[in-house]
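Each of the two complexes below includes subunit A, the first together with subunit B, the second together with subunit C.
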Partner chain A sequence: MASFNSISELLAQLLFMPMLAFLLGLVMVLMYRKIAARLQRRIGPPFFQPVYDIVKLYSKDTQISHGLIHDIGIVVAVGGYVAAVILLPVPGMDGIADKGGIITLSYFLMIPSLGMALGVGQCANPNGSIGISRALTAMLAYDIPFIIVVFGVALHYQSTSLVGMIDYQQAHQWGIFEMPLLAAAGLFALQGMMGKHPFEIYVAPAEIATGPMVEMSGKFMGGLFVMQSFQFYVASVLYTSLFLGGGANWFEFLLKIFFVVEIPMSISFLFPRYRTEDMVRIMWKWPVMLALIGIAFVI
Partner chain B sequence: MSVLDEVFILCALGALVLFVFHRIRGIEKLAVVFYAALLYLLIKMSGLGYGGEVIYSSFSLNILGETLQWRFDAVSWFFAIITVASGLFSAVFMSGKWGESYREKTSNAAYGTLQIALLLNVNSMLILLASGDLLSLFIGWELVSWASFMMMALNPDKQARQAAIKYIVYAMAGAMAFLAAMAYVYGITGSLQYAELAQASAALSNGQIILLSLLFFTGFAIKMGLIPFHLWQAVAYAETPAPGAVFLGAISARMGLYAIIVVLIQLIGLGHLQQIHIPFTFWNLQTVLAWVGALTTIIPTYIALKQNDARHLLAWHGVGQGGYMLLGLMTLNSLGSAGGLLHVFNYATYQAALFMTIGAVIYRTGTANFDKLGGLVTQMPLTFMVMVFSIIGLAGLPPMNGFVSKWMVYRSLLLDGEPLLFVAAVIGTLGTILSVYKLVHNTFLGQLRVEHQNVREAPLSLLIPMLVLAAIMFVTGMMPGLVLDWVASAQLAMGLVPVTYNLGGIVLASGGLDMIWITLILFYGLGVGAIIFYLLGGRAKRVHQYDNYAGGHFLTSRVRYHYSHNFYAGLMHLIGGWYRGSFKKLEQAIVSLVSLLSQLSENMYRSAQPAMMVIIVVVLSLWSISGGIN
Partner chain C sequence: MSKLGNIPVQAKSEKKRTNPLARVFDELIQFCQSRSMFMLHYCTGCGAIELPPAMTSRFDMERLGIQPMVTPRQADILLVTGYVSVKTLKRVILTYEQMQSPKYVIGICSCTVNGGMYWQSYATAKVLNEYLPVDVYIAGCMPRPEAVIMGLRRLMSNIENGKGNAWKDYYERYDYYLGNQQHLFGDDWQTPVDVIGEAKFYDLEGEETYGEHTRTLEQHQEPLEAAVMRVKL
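Showing the complex of A and B:
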């Protein structure tokens, strides 16, 4: 399982993996908007709309900073994801996925949230702080089922290495067929993890002045936009690696990740928004129950 | 004369000098030198951390045919180096400006007493760690209890006094359990030597082992604040003067873990823990102890989430983090137990740093109450930075050292296939993340209060130990192999298989951990993030905190625009009802029962009831004449 042969290959991966993740994430953002539009009988934005948005946000005249930590928060929010996607194997590029594994990655994914939370904290706006308190509560809600799923999967494959899991699935059978209950619970947790409807009370425009984003203008908002596209990418690739056997080639890989991310996107507009405590309640009930039963089968 | 003798002589000398000269100004510098010298002697013994031979003290005592002896093995040395380093950091912390302000608030004598208390704590812990038999362990145990009590009782505040009294009652109860266990051991083996107990334990029946383990464990668990004995610790530690809280918080309670290692793992033995089933359940002793650890990670952590005072919040986390250590240790495999031990070190670094940051905040603002703080990041940026480093460690996120030890515990639970314990550990970690964000937000982020607008950065004497600790956290997080050397030696001494590691982390065929790579990748990512943020797009303009969205209102210094009270309102809406204070009620019930019993016996003793007494005496004597017990 030599993950890289030479320095140049490693450097290429360090460069290309985040870039690819970003571009694919942008397409996913577009897809999300398109799905929303079609469900609401609109046409939806043109293909390059996410790019236009980022350019627009970065080139705004008004860019308000509330201090160094506000800036660093955005840096960490984006940078944490740049680092995290290097730990996610894609076809032909394992990066240094072997150095970490699934537990490390799960905790790595909290760094961007923490960075954003610190940044929002310095804005000195109670709306933002309330939003963060809700966002962290949401994290507590979806991470418990998610981590149970991760445990079950790692136990099943007897490994925490994502590369190892993918190799196993490609040699045998996809995880979703061997662990259907865990896969279902994982999909449920994924819905919460993406921070979209119906679990988006902490960023919903209609609630407490958009919560964490209240003081984000210009490239600060642009940074969060970039973060969002990474978020889509990471969620879909992680799920694909755990349950759908990763990708043997790029075509298969792309097909899988877009299929995965399409499910929560389609579901998201069918339900009204959950309150924070209702989200915790539903997340701790159904997916946890499914996942625990799933683990019982694995053992 | 061995190095251990030198350590003891230095301890005695230090105590003597400090006791005589404690009122004199400048004694704090001498104290720092003393801890540095102690640390030097421990480094001279550092062979122990790399698989060296046990070092014996040439000093021993003979009492009633029992030989009391003292020695250092790898486990003792591992705990000792953390103890002395914590002592050194606390001493540096209080040697400068903090000490001056404490002197002004109290007196020279009070400051000297604080120094004496710290020194006695360090010394008594070293005596405890060096103990070579059950009796010397018990002596060390009592010394540590009373030294901690002395430290806690220094704060004249009513709440602090009550907490100290509560602590000493708990500690005495623990000591009684310990004493009973010792008496039981003596009754079985006729000796209090470790070797005799280890030998005898092989032949004991299951019931005997369970009783023995229960008595010993109760004694040790009280010191460590494990469930259900967690109520005393947090308030008692939090209310001590800042350097005392730094020291007690960092290491004091871990003496319980040391004793658990010595008695339950080394003497009663791994085999027994794994084989003995608790009657009428599916559990063995190991599982029960692991669950005590798991519950200790959850319950105190969520109590911490509700605290409204930074010191109390941290102290409650201290109780909770003890659970990870026990949980890791009780996996009894090489990875998990290494994780538990490594967590002792890691925890000491960040807990000490956290108490120091709060000490610095109190030094500058006079309060640690969340309702009276906020926005200090602009005034105390370095203190803020140390706190962020430490909370990343406490929450167990990469790249700080807390992540490594927690990862090892998780990974070993995974290897063992323990889903529920794993979930319990993760619930604890997530609660910690919520709670530490509340800590950092309510002290350093949000709106700066008007009265704090002239607050300056903490003085250098407070900053230096904090920054050094932050550096240690980062370096040992990136290169955990540095500490894993010591951990592996300690594991060997405990009779466990040592963990396989390298400088960057853990070597495992089925997915290891390499922190050097992880850290580098993280910094690469942050670098890219910084380039994206700073090089692209327009220039951001810094604005005043009152230049803020307020729904059309204008903000002024008279409007408090800050969210800190009841921080997780949504969550508390759901889980708030679960805080029923059951343990507190249990504690109160026991207190009432004891006071009722004591009143009854007092009444019996004091009341003049001659007829009753005559009847009792007659009945008892008739019973003994007619044959009594036999």
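Showing the complex of A and C:
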């Protein structure tokens, strides 16, 4: 009977965690647009704007699909993040975080980009192809420091389980105090992972017409909007769990994730963008260097 | 048959809806559609200069949920800002046909209403709604940002009340629009988008979808081929 209870509880968590992530992600999208507006001395969108956008996009009367892979690509892109969400522990819910560690998670975080690449490939729009080749190069750029950071953190805690890391940090002290260099490198990689300025060359609205999104209409674009809100959530919760000790309760947790996600958002509107090769260069130089020195300290 | 400007709009016979909440959903969707409009500004003429102030900090369109978007696939509103020369009109039509319905056209500036100061020009298309179904016109040479935002608000309230249906007219009276386009561009005018096919697929055919002009189109139509991409070495 106990096992039945634990299974139903697990199923409930698997349902509830993505929904929660989506809602929090929507608030983060709103926050992103509000920060942009305030920095530009505008008022910004109303509170429910992200919801209006998504409902509107899904309710378009005509939908252009460019083929099966185009459809599946978007599902893969959103699905990758949903899979990542159930691996991220939140206060009171672990999902399957204790079964798949941070290594599984770093694999899952690559799936959305690959899904997009599949979907965009079938659109056969040259702007899209340029965009996606830039996006994959960007992934190569930020994944190297990200993986080094993950490796260093796992080495420090002698564990790859996020649940274990959070417990350790709550008992002792936050990761950011024990490994400040790795935390700094992680923040750098986070900026690239969220695809915000100065690392958003693959979107570049004015030059390549939003790159990967160029042929996305209606529900496809809606899928990407949903994906974006998951992306914000995943990036912030991952960073919070690695360096800020997760959350002992919901209040602390929300405070931390919104604080984390606010940093790249505010940086994002202060810079123009780097070219792809410059992005690779800068990503492989500074964060990698910081992370390697950080690892040396950890050992 | 109701009227929207000088465009007659035919109400489609309502399909039987079985869901008791259908009306609620419809209203929710109309509300969201009116509160979230992605706009593609086709800056053809001098009127475009009034858009940056309307979008940036002084008048801030984003608080109404209006955002600029960069490709026709993502956009809901096509903003034609100023005179359209014959050459530009071709591109405007191509752009319009690639947008996903419900889609709206706004003509900014007197030049789109009646030719404005280019009335005597041989190279401009004068009345925009002969070629595309225009939802809202904003007159003025050039209209101030306040006027632009007024026009957009009018469109918002139209959509919210279920009156922003000019896009259906393009399918239902395609023959009329195609005729005017052929008059300007010649009989072999054709676009990559199969409007008649779309009208059939989405059940939007009207009495005037077909006519003598669509027959002319059929005679001259060449099958579309995928563009070959070649790298010159």
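Points worth noting:
Everything below uses one rule, namely that the second predicted complex is superposed on the first by the 294 of 299 C-alpha atoms of A that agree within 3 Å, B and C clash if a C-alpha of one lies under 4 Å from a C-alpha of the other, contacts with A are read in each partner's own complex, and residues count from 1 in each chain.
Everything that follows uses one rule, which is that contacts are C-beta pairs under 8 Å (C-beta built on N, C-alpha and C of every residue); 3 or more make two chains touch, one makes a residue touch a chain.
All values derive from a computational prediction rather than experimental measurement.
In the superposed pair of complexes, A:Ile263 makes contact with neither subunit B nor subunit C.
For subunit A, the partner with contacts to more residues, out of subunit B and subunit C, is B.
Looking at the shared chain after the overlay, A:Ala37 reaches subunit C, while subunit B stays out of its contact range.
In the superposed model, A:Leu254 makes contact with neither subunit B nor subunit C. When the two structures are aligned on the shared chain, A:Leu23 is found in touch with neither subunit B nor subunit C. In the superposition on chain A, A:Pro46 makes contact with subunit C only, not with subunit B.
In the superposition on chain A, A:Ile293 makes contact with neither subunit B nor subunit C.
In the overlay built on the shared chain, the residue A:Ser59 is in contact with subunit B and with subunit C. Applying the stated contact rule after C-alpha superposition, one finds that A:Val75 touches subunit B and leaves subunit C untouched.
Within the superposed three-chain model, A:Glu277 lies in touch with subunit B and out of touch with subunit C [touch as defined at top]. Residues 59-64, 124, 126, 209, 214-215, 218 of subunit A touch subunit B in one complex and subunit C in the other. Residues 14, 18, 57-69, 71, 74-84, 86-87, 96, 98-104, 107-108, 110-111, 114, 117-118, 121-127, 129-130, 132-134, 136-137, 139-140, 143-144, 147-148, 151-152, 154-155, 158-161, 164, 209, 214-215, 218-220, 222-223, 226, 275-277, 280-281, 292, 295, 299 of subunit A are the ones touching subunit B in the complex. Residue ranges of subunit B in contact with subunit A, taken from their complex: 375, 377-378, 381, 384, 388, 392, 395-398, 403, 407, 410-411, 414, 417, 419, 422-423, 426-427, 430-431, 433-434, 437-438, 440-441, 444-448, 510-514, 517-518, 521-522, 524-530, 532-534, 536-543, 545, 547-551, 561-564, 567-571, 573-575.
Subunit C contributes residues 28-29, 31-33, 35-36, 56-57, 60, 62-63, 65, 69-71, 73-74, 76, 100-102, 198, 202, 226, 229 to its touches with subunit A in the complex.
Across the complex, subunit A meets subunit C through its residues 33, 37, 40-46, 48-49, 51-53, 55-56, 59-64, 124, 126, 205-206, 209-210, 213-218, 221.
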